[in-house]
Amino acid sequence: MKRGFASDNNAGVHPDVIKKLLSVNEGHTIGYGSDPYTEEAKQLFREHLGSRTDTYFVFTGTAANVLSLSGLTRPWNSVITAFTAHLEQDECGAPEKFTGCKVLTVDTADGKIDPGMLVRHMHGFDFEHHSQPKIISVTQATEMGTVYTPDEIKKLADLAHEKDMYLHMDGARISNAAVSLGMPFKSFTTDSGVDVLSFGGTKNCMMYGEAVCFLRPGLSENFKYIRKQGMQLASKMRFISAQYIAFFHNDLWKKCASHANAMARLLSEKLKNIEGIKITQKVQANGVFVIMPNDVAERIREKYFFYPWDEQKSEYRLMTSWDTTEEDIGEFVDLLKDELTKK
Amino acid sequence: MKRGFASDNNAGVHPDVIKKLLSVNEGHTIGYGSDPYTEEAKQLFREHLGSRTDTYFVFTGTAANVLSLSGLTRPWNSVITAFTAHLEQDECGAPEKFTGCKVLTVDTADGKIDPGMLVRHMHGFDFEHHSQPKIISVTQATEMGTVYTPDEIKKLADLAHEKDMYLHMDGARISNAAVSLGMPFKSFTTDSGVDVLSFGGTKNCMMYGEAVCFLRPGLSENFKYIRKQGMQLASKMRFISAQYIAFFHNDLWKKCASHANAMARLLSEKLKNIEGIKITQKVQANGVFVIMPNDVAERIREKYFFYPWDEQKSEYRLMTSWDTTEEDIGEFVDLLKDELTKK
Amino acid sequence: MKRGFASDNNAGVHPDVIKKLLSVNEGHTIGYGSDPYTEEAKQLFREHLGSRTDTYFVFTGTAANVLSLSGLTRPWNSVITAFTAHLEQDECGAPEKFTGCKVLTVDTADGKIDPGMLVRHMHGFDFEHHSQPKIISVTQATEMGTVYTPDEIKKLADLAHEKDMYLHMDGARISNAAVSLGMPFKSFTTDSGVDVLSFGGTKNCMMYGEAVCFLRPGLSENFKYIRKQGMQLASKMRFISAQYIAFFHNDLWKKCASHANAMARLLSEKLKNIEGIKITQKVQANGVFVIMPNDVAERIREKYFFYPWDEQKSEYRLMTSWDTTEEDIGEFVDLLKDELTKK
Amino acid sequence: MKRGFASDNNAGVHPDVIKKLLSVNEGHTIGYGSDPYTEEAKQLFREHLGSRTDTYFVFTGTAANVLSLSGLTRPWNSVITAFTAHLEQDECGAPEKFTGCKVLTVDTADGKIDPGMLVRHMHGFDFEHHSQPKIISVTQATEMGTVYTPDEIKKLADLAHEKDMYLHMDGARISNAAVSLGMPFKSFTTDSGVDVLSFGGTKNCMMYGEAVCFLRPGLSENFKYIRKQGMQLASKMRFISAQYIAFFHNDLWKKCASHANAMARLLSEKLKNIEGIKITQKVQANGVFVIMPNDVAERIREKYFFYPWDEQKSEYRLMTSWDTTEEDIGEFVDLLKDELTKK
């Protein structure tokens, strides 16, 4: 199928990751994570996120989020997040079902929460009638293609900790954020006060596998049971671990994410001056949000699939990935211009 | 690491599966299963299990079992299975947590349930104080390395259906059972009255991925939501589907399972006449259960890892896999003899 | 303790209810609802709500709401309600914990939902990533002391049914609403399209006990299991039933609720012209919402306890009940005036 | 209806309890337990169970059991109990649904667990594949009408504590046990190592209401949220508290339970020499288990309702209560004799 702009998870797997998968497929290893590749991968996470990081591999981004929350809550807690967050919109209620917690939302302009928005939900502490707020969850990069600064994250972390709460980061696209900020992962996670992190791999060149990273000691005590009961303990775990080894090796993650981000910028550059097209969000990672005429979108989507974001506003989401090419963008933009004139 | 007898999931991935993974890693496909490889794989399941089979891919065997049960129950139901069943012993309570159901067990001599054993739990229908029995779950091949005949399965299915219940089969090692029986999958599943089947791949030469197969129409209506809420919807699903395409191609599954079963038979042949060793179960699939002196086991396990089954009885489980060699067995048996004389 | 304005559940039990409790305390009856008093009470509900009403008694209002929702949903559904609703604010996450569903909210001016507000959440049908909207839940009278007209309810019911959803009504204060509207219960429930109703008793003169009323056939099939598994099946159920018999006898419910509503009107009449006091909501049932200076409120609450509603706005909630007297109101208003002058 | 032998919860409410209910029905009290009656009742529990007892009122025995377990477990734990236990047979899976835990059972001759039986389940500690044993639950008096000695309880408590587990007691009929042992409650609960106790009231002369008593400090930290989320927080809580005040006043509990136990002994005395009748369990509390011909039982049950216990063995359960009279027993026995001769 043609490369399109539907989602970064429509892309395949980077050859370096494939190569690593082949290389670990030799002989037997103990299952369920007691193998040397898993140890190596966990060590790499400690190097990138801090020496006290405790990492657990799971299969999906939804699982990484839900189990992260489960590790730090009890069912009478609540989790506060943006209305646009993946865990609110795209996990079919998995957070509520698995954790028993209430998920509370705030409306944002660009997918980013600021402390003022949280006042609405930060009350009722110690009052048994009310779900007890326990987690603030941010997405980095956000579902709107925007990126929090370390300072913005720190303000949320400070607020959380002041109230004996935790800060969770959904890092399904954390590589794109790191590249966008030009900073190492650690600076806007561990160093900014994040407590637990869903560290994404699948959307940035891997085949499958995500990581739950506890960034402070004492938070992961029971997590091995949560992962198993959550149906996320891989028997042949070496194959997830191997992918993360490749991911960190030679900064593969950076190459892939830099490329994806650059392609998004190129796409937005080409789109911004086209009449009838409006870009609605800052392009800070690998997503471009555009308003275009519905009928035009309809016709283009037959060739290049992508998703509507807000049908009432005729807003669409275009995602680039590690394998998007300049030709893909050129052809897409040409087609779009063509269709606009037909209108 | 040396190949041992710890579990069939300590083995790696068959080269044919790897080859197929590489071949589908081209360009973009729609995520979450709307791709041609997934369609092809689902068609293969229809060929092997009957034209009305509705198949859903998930990541782990625990998930295949738990979501199968969830698809056919409500929380006030109960599920009846053998005390030795994976879903009772080795899923850390995932069935209860996710389905809300009660899991009831029966004691068996060899991992196989017969209708008489179920009387204990088949009552209280329509009585609101009592969990309502809804599923009988069998494992094929069993956790004890034994295999149900189609007739034995049919008797349980008939009993279930008579009470408006369902028959679930945990087929984590279904290939080993098919080879052992010398029958196609369909004859001891769909044709014997099984309603829903966890069809295993990981233990028989794949990297990851299991399938939930609904064998009769009308049972899977809501399953897409259950899978997503169960955190088991793969974004890059083509890579699970591709493995199953390879699995069925040229009867790879049969070659792998035949080999594993043959190795178990060979191992048991060599063990059965050694003094001080007692084989405790029929060897019908790829597991051999033996009683041996604890201290001997302890010393051998340093070189060839395997698990104790019943520590009080000094009983151990030896599993063979698609890549076990005659040399592995020869060396293991020699070492065992050696250690026995040291005793 | 002095009668105050904290909540209608701070009041005691009406003598007629007590009398009825005594009268049924004779000899033995079968437990769990198979007794003649329960049959009589269920028949009374059919008379008031329609002949097809199927009624189940539970203990608390939270249980009535949560089990109502559970009866009509599966865990991948969502429930849409007002941000101020009891089930969002005051049930400590019981709906999410027990049903597994997502609870979505809309902001309202007066606790009342209108169809336009729901657009935000009424999408993603049939899309497995998204919780499937299944219930709209309204509170009658609302937590803000306002009352829906039958026509307003019908519009919401029609919208729900058009989307294959249900309308739930939290009727913790349904008697106050009926009196306010001057209509029988049926006209703004069954006849307006409500599917399931939490019918409150405790807040309107009873000791304990609420009712879940399914208003259309085919909705309550499994409810007996849900109630039992929800820990809400009363062993000596005759004592809940008896209270509802008293509740309906001689229109006791109407007398009590009329009185409570009248007291709220009287209170608001007396308050509305006091300088420094602002009434913030229409007074249609038995609640009066007022803004008053924080320090004044603080001092009065030592004598007459009541709850802050919105501390940032210095808004307080005053509830009247079946036993509030004109003297209570007179003394309270005098004290308030006094304290205001001290300011 | 005639007094029968169906269950102690078919009886009504003792006049002393009624009197107390009336006496607290005056004016307003703060809801949800912040009232003086609740404080008084909690103090009475401290007097009877030890000064460190922390007591929470709930509505049903099922709730008392389930919430007790919930307070001391996480979902990956297991609870071990007798196969005949109420929480296994008669709670419709509420323990699994609410706690997420696995419930494991042992077969007993008389409803009483001894340490040897538990070996089967006391393993797999720290192994993430296996539910972690956390609670041993005993019923006192048992569902078979037998009673544990303090020493028997202590042995189980010691075993539990040695493994970092807890001992729960389902005391739905704790008064009958205390009377049978001739001991204060404390001697076979707190002093014997019980950690959490479901203290029953409804079956021994109350209208509704049970208590969850944490007997050691540090166990109840989050219980207020568990109770609320469990839909068991009573708004007009004074009416449960008042009943417990009456229950302890002048040893009402003892009078009622002594009478019920005496009636059971009388019944068994009269039955034991009748030909064709066999008493199958020791009569230590208020239950008598008898084998009688099915057709005879069928005919008697039309006049005196009671339940079959084991239909295959033609075994029936006869329960006496605080209001059973010698005449009830005389008439019942006469009828039984009559019916036996008709046979």
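The chains carry the letters A, B, C and D, assigned in the order they are written, with residues numbered from 1 in each.
Methods note: a contact is a pair of C-beta atoms (placed from the backbone, for glycine too) under 8 Å apart; a residue touches a chain by one contact, two chains touch by 3 or more.
These figures come from a predicted structure and were not determined experimentally.
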Comparison of A-B and B-C by number of C-beta pairs in contact, larger one: A-B
Farthest chain (mean CA position) relative to chain A: D
Centre-to-centre distance between chain B and chain A (centres being mean Cα positions), rounded to whole Å: 33
Between chain B and chain C, centroid-to-centroid distance (C-alpha), Å: 51
Multi-chain contact sites of chain A, meaning residues that touch two or more partners: 75-76, 91-93, 97, 100, 128-129, 225, 228-229, 233
In the complex with chain C, residue positions of chain D that touch it: 1-4, 6-7, 9-13, 18, 21-22, 24-31, 35, 59-63, 66-67, 91-94, 97-98, 202-203, 207-208, 225, 228-236, 239, 305, 323
Parts of chain D lying in touch with chain A, wherever the complex brings them together: 32, 74-76, 100, 128-129, 132, 222, 224-229, 233
Of chain D, residues touching chain B in the complex: 75-78, 89-93, 96-97, 100-103, 119, 123, 128-131, 311-312
